[in-house]
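Below, chain A partners chain B and then partners chain C, in two separate complexes.
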Partner chain A sequence: MTTSNASTSPLWLLHPARVPKALRGWVIPVLLFTWWWAAYRFAWTDSELFVPLSKVIETGWRMSASGELWHSLGASLYRMVTGFVLGTVAGLIVGALLGVSRLFESLVGPSFHTIKQVSLLAWIPLISVWFGLGDPAKIAFLSLAAFFPVVLNTFEGIRSVSRDHIEVARIFAYTRRQVFTRVVLPSATPSIFTGIYLALIYAWLATLGAEYLLTSGAGIGNLLVDGREHFWMDQVLLGVIVVGLVGFILNWSASKIEARLLSWRGRSVAQF
Partner chain B sequence: MSTTISTVALGDDIAALPRARPAPPARRRPPLKLAALWPRVRGWLLAWPVPLAVLALWQLAASYQWIPAQILPAPLTVAATFVDLFNTGELQSNTLISLQRVLFGFLTGAVLGLALGVAMGLSPLVKDYLYPTFKAFAQVPSLGWLPLLMMVVGIDEALKIILIAKSTFVPITLNTYKGLQGVPSSYIEVAKVYGFNRWQMLRRVVLPAAFPPIWNGVRYGLTHSWLALVGVELLASSEGLGFLIVYGRQLYQLDVVLAAVVVVGAVGYALDKILALIEARLLRWRRDAF
Partner chain C sequence: MAHAGTLEIKSLSKQYQVKGEPLPVLDDISLTIKPGEFVSIVGSSGCGKSTLLRLVIGLEDEYQGEILLDGKRIVGTSLDRGIVFQEHRLFPWLTVEQNVGLGLLNNKEFTESQKQKTIQEHIELVGLKGFEKAYPYQLSGGMSQRVAIARALVNRPEVLLLDEPFGALDALTRAHLQQELERIWAAEGITAILVTHDVEEAVYLGDRVVVMQPRPGRIKRVVDVPLARSRDRGSYAFTAIKDDVLSEFGGHDNPRQDVVLVDDEAHNWQFAW
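After this line comes the complex of A and B, so read on.
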């Protein structure tokens, strides 16, 4: 890949392939931050958009000391968790019913798949008429956001249970309950977990959407909207960073829990 | 097959949001027989009672004024408003504007996403440099970037296109990259045994093998772009379907809101269906070639 005469050039040291592997990922962020810093330091622009990094940190410190940041984050997370739990529980029930009963699926499935098509955020104006602008409306919307992926994946998980497995269970004279807890649930779990995991991510996205559109009360979304309205770039950047961090933590913990819950799967495959 | 693809697609990224499992490629239909037709007719018949009952109850509730029309207008009112909006051309013009935005944003995001995904998938060097930054960028959902973007580019068309492009870009990049990474090494080994050169390897082995996840990414991208469009139009727009919803909401004309919501759902469905049809076509071609 590298050119053969590169060693004679002084630029050889700067060749992308010469940078140690562990450092490569840092090159672009470092360049970006340097450029950002330089834009402010050498006053390339007088735009208020270029707030220095130090100001973002300072704002973060100030808002965290005054408790405003934690209050907003707490309010957002509280809503998210409540909506997520409500939506997930409802989704598990509906998904399981759809999966277990063909009749229920024929009756309700088509309606469900039709309603699912509506882009999630389009529900907010309707919900705001029905539930107001406060926490109930936001939680209703968040549970809707969590509901759809859980239903879909629970349904698919249960439907993908192999007929052979059920037949083996019949030979062992399992009761209905045993069939459900010992055969259906274990084989549907991975798919159900995917649904819950998606619900978590969707709920976080929906939290932001709900806070933008139903602007009452505190929350990270309100922090962002507020910052934009007052042209406080430092607050907006801080909000973006917090949103990213929360998303990252949710992702990371969900994949850890999933790996743990499904660890039996890896082992059983390895036996063959 | 599709389950594994969707877990790859959604494995570890916040921006890869759910979509229904892709429809299985169209099979050749067996010759029609009356007995074989029955399950389909039965399914079709059973689909109607529930929505019809809900609609009837809703209509009743409205005509007996159990619920005020400002909270829930009757289905017939919504239908009448729908026809009205259609006749004045408002519905079509707003839908057209929304579609235009999605098209531009989606194409921009798709081209950029495919380029970056292919670059990272084929060159470990590019991947080492760009992947961590991409990951960090993808952690913040599109809606999180919105206020920042509004400050930087204002609330004109550029904002909508950039936001839609961003929400398309992330899933397509990720799926393209993972799809290329996921090509089984045994395929490559076989191709090497046959003495394929780099181009042949790419054209005949890598791309066909990576096509399903890449296409899956394209479909996610389109779904996301529609979601992002509605979001940005609800928040900052004076035209489009999202605007129609906000407008109806502000005037407490819920019939307008509901009519627009129906169109949003129908367009979202149609967009996904179009891609599913293209997919079925492409895969059929692939199968026939074997």
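After this line comes the complex of A and C, so read on.
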């Protein structure tokens, strides 16, 4: 049944054999954009709640030419990178201390595990009171978003180092420092990387959250807020697309770096 | 180059604390191993044979009695004793040559170029020339165990300890690696102690076979293996000694099924050699 229908249905074009593997991920976006374009082209809708694709492209072009888009994107990325770096570095230090020192873990661990239960968004009121609505507040919020996953995964990675490997190092008379740099750290790397990778994603998500909730200055989030307030749907949709693209690029580069750094784990896990 | 060491174990006893109660693991073990000798220790699970090796390598302290290497009491781990475990314990993030080189980090006797040379020699000794840059995930179980042997030998230790090194390998790979180990032992002229639950392996490799019994771990008997190398597993004399050792496991204290001649757990699904 299905095989006889296949040749008549338009889905036949999407048969796995006809779409090269590398392009398969593009199938859904292309369909979506085609449908979007068609909805206005064939006048299926004239709703004000949505705008034609052409209008979004036009707005994108205009804002890009005026520099407004790049200015906003730059401001957002700058915050994200600053917050991400601060949060990750702090997270690595705290996670490593928790993992290495039983004393530090018993002192700090319980408080840390309690605080991490507090929803990130619940920090916003406190942060806005302490740091205002400007960049410092946003960066503080972003670093917090990046901090938690890095701490947890660094701790987890260090604690799950195999005793068998530690014994090998002891047999070869390694000092504590050598055990840490040559056994603990490399074996925790995959887990640490997972933490950093999550931090990157969280930081980007939190950038938007921060710009949306702490509205001052420029940023992609502010573009979205402005667009919504003035009912510029083209600007809102442009913002959504840019946010999605940045997220995709971050994700993609992180997975490439991971595959390269951790090639020793073999094809089964390292390849995306 | 280091020489083969004399290992003396004198009235060695060891207890673990289990729920506050002392549980004897080893009881009054005495054994002297001559330089260059190959001693097999065979016993059923739980007879303390692995604990004995952990004490000799220095991973466990706290024992009664004495363990002396060349007359000196063993304290902690040292580069003059090497060990191969049942699991290869290679570091997955390092290549074969880096894994073999692990032991040389704190070796002060070798210069950098000597280190490179000895790493290469040991990779060749275990028959892995050409695999220097391979990562552990690319190796079969038998090849990984060869790397582990090279790693244990790279410091030219006086004593090589082997804790069921081929226990997780398939029967064919195991038989082949036993021959290889015999060759390597002869080439290095090293003192070797092999712990195993495979009686045939013990007789094939050992100059002497120490039979241990459990609860607490004691030496039951020491069987000499006066056969010329390399030994023919099918010969009458070989079988007679093997049967003699096996007969020690006949008592009801020690159910015979504890001892396996060929254990067919094919952990190793890769094509191995």
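By definition in this document, the second predicted complex is superposed on the first by the 221 of 272 C-alpha atoms of A that agree within 3 Å, B and C clash if a C-alpha of one lies under 4 Å from a C-alpha of the other, contacts with A are read in each partner's own complex, and residues count from 1 in each chain.
By definition in this document, a contact is a pair of C-beta atoms (placed from the backbone, for glycine too) under 8 Å apart; a residue touches a chain by one contact, two chains touch by 3 or more.
This one's a predicted model, so the numbers in the text were calculated from it and none came from an experiment.
Of the two partner chains placed by the overlay, only chain C lies in contact with A:T189; chain B stays clear of it. By the touch criterion defined above, A:H71 reaches neither chain B nor chain C. Applying the stated contact rule after C-alpha superposition, one finds that A:H165 touches chain C and leaves chain B untouched. With both structures placed on the common chain, the touch criterion links A:L237 to chain B but leaves chain C unconnected. When both complexes are overlaid on chain A, the residue A:S255 reaches chain B alone and has no touch with chain C.
By the touch criterion defined above, A:Y174 reaches chain C but does not reach chain B.
Between chain B and chain C, B contacts the larger number of chain A residues. Overlap of the chain B and chain C interfaces on chain A: none, as no residue is touched by both. Interface residues of chain B facing chain A in the complex, by the touch rule stated above, are 3, 6-7, 10-14, 17-18, 20-21, 42-43, 46-47, 49-51, 54, 70-72, 125, 128-133, 136, 139-141, 143-148, 150-152, 226-227, 229-231, 234-235, 242, 245-246, 248-249, 252, 254, 257-258, 260-262, 264-266, 268-269. On the side of chain C, the complex with chain A involves touching residues 57-59, 76-79, 81-83, 85, 87, 89, 91-94, 102-103, 105-106, 135-138, 155.
The touching residues of chain A, counted against chain B in their complex, run 1, 16-17, 21, 24-29, 32, 49, 103, 106-111, 113-126, 128-130, 148-149, 152-153, 156, 160, 191, 194-195, 197-198, 201-202, 204-205, 208-209, 212-213, 224-225, 227-228, 231, 233, 236-237, 239-240, 243-245, 247-248, 250-251, 255. Those residues of chain A that touch chain C in the complex are listed here as 164-165, 167-175, 178, 182-183, 186-187, 189, 263-266.
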